[in-house]
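Note that chain A is present in both complexes that follow, paired respectively with chain B and with chain C.
Then we have the complex of A and B:
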């Protein structure tokens, strides 16, 4: 059977069930707020959001692959484009732009002009260190880890901190070979 | 087939699949996709994350790749989205079982109607 043609982010986005955007935004807000109450420290909240994102990412990747029909990426550049154009569009409803490649081609930036997570958010002075959308970086890290790429994902720009866009830096640390860990000779 | 049989078949298949990758004369081989025996066919699909799905069917049954693809989608919907499912553990999700048998039923009707 010929492999199915990959779908665009728009096509997948149109075909899956969605919830009301406000419900989603407000639920996320309530969750972050509760984490702040429970953990008290902003750094701990950042860490927790990242961990929650990671847990989501390692499951989400399969849905992404199953529904978008994308095949194995030939290089990291293609991976970046697929995340930005298909992944973000499919799950968040907005596409991201890929920019600022470094010379080695191992790290790039995802720029989001529009971010549905932050629709009603104004950060108070007490939470200036909070990466409100830290869950997203965790999702990307988790998802890429399941397709054998170890990455580090950090926030560079954040509109809640007064920047002009959201910028996520994705750095490829290493590619884990998929071979089974059989030690035949040992 | 009881749980032990399933586990035995799955682990046997997993190893054969891995060996076939290493034995294959072509580079970048993704492992066995179809095993044709005297009495049955075994179709296997491996997702890019490494999860394998396989179906054992009568000789020459058609459209098994498409069925496996449907099962992969059901797995992402009803297993991975169940917050109480632990990853890499045996699947005990009623919704998955239900939708799986419906998918297979539908497939069978489509085949018989041909």
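Then we have the complex of A and C:
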């Protein structure tokens, strides 16, 4: 029998190596700031952050699967729970909440009350269109794509724009069938 | 009551300046702040510090005028915090804890990746935090 999938990422989070939260926050801040200087356009920065997140995501999923002991998810609902409770906890140290399922069960919202990326950050008036945490949406998109789910991830609420929480909308576009003949030994 | 606070950079450039009086005497207060910078320099250039006070950031009362008292605080990166108060009886411990909170707020403000070091602090959050700290000044002992 397959090991029981963990309900939260607490155990994994406790066992993996971590860096100081401020080092992480300030490094990310410096990176976003540099992107703004280099690319000048806020929209370009959003795009670049998403692309960087995507590149992280397609690698991160392997680490996630190797260390988290989660088994295959039976449906998209379970996938959502695993992302929110295990994935976020494991890599960001905070858990997200899954809400606002649509009727078809193909899109949901991830709500983050607490976001370690944005400590200290206050958007200047010139950068109001910036999705500061756009890297997160890229990571989710990239990671899910590697486990054969095409998704679209957008920001709905952002505390830096004056909302009361961070809300990511994840929409399942289609499930790509596995491309090689898959044979389960069980 | 605190009537004015200021943050001054290491080249004596103003980073943040805020007065808390309804009356139109901001200019006068800014003048007082400006004058007290000389006193800060004097203290820094003639250090009487040794041993345990070597890392002391609190400069104490810089100079009293007729109506005001000016207190100073110098961080290790040569950023100066100044505070002008109208209170006649001020407890040293209150001022120390005020500057400690002030320093914490300043550190958080400069940690904002969109803040350019050496430029004025434009953060609204910082301004709100400072006015909160100013309002609560002395209320701990009074209440």
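Definition applied: the second predicted complex is superposed on the first by the 171 of 186 C-alpha atoms of A that agree within 3 Å, B and C clash if a C-alpha of one lies under 4 Å from a C-alpha of the other, contacts with A are read in each partner's own complex, and residues count from 1 in each chain.
The rule is simple: contacts are C-beta pairs under 8 Å (C-beta built on N, C-alpha and C of every residue); 3 or more make two chains touch, one makes a residue touch a chain.
As the structure is a computational prediction, the values presented were derived from the model and not from experiment.
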Touch test for A:120: chain B only (first), chain C only (second), both, or neither? second
Once the shared chain is lined up, is A:74 touching chain B (first), chain C (second), both, or neither of them? neither
Quick check on the superposed pair: does A:19 touch chain B, chain C, both, or neither? Answer first, second, both or neither. neither
In the overlay, answer first, second, both or neither for which of chain B and chain C A:65 touches. first
Is A:146 contacted by the first partner chain B, the second partner chain C, both or neither? first
Where on chain A do chain B and chain C both make contact? none
Considering the complex alone, what residue numbers of chain B touch chain A? 18, 47-51, 65-66, 69, 72-73, 75-77, 80-81, 87
Mind pulling up the chain C residues that touch chain A in the complex? 108-109, 111-114, 122-125
Note: in the complex, chain A contacts chain C through residues 22, 25-26, 28-30, 32-33, 119-124, 127
Residues of chain A touching chain B in the complex: 1, 4, 58-63, 65-67, 71-72, 146-147, 178, 180, 182
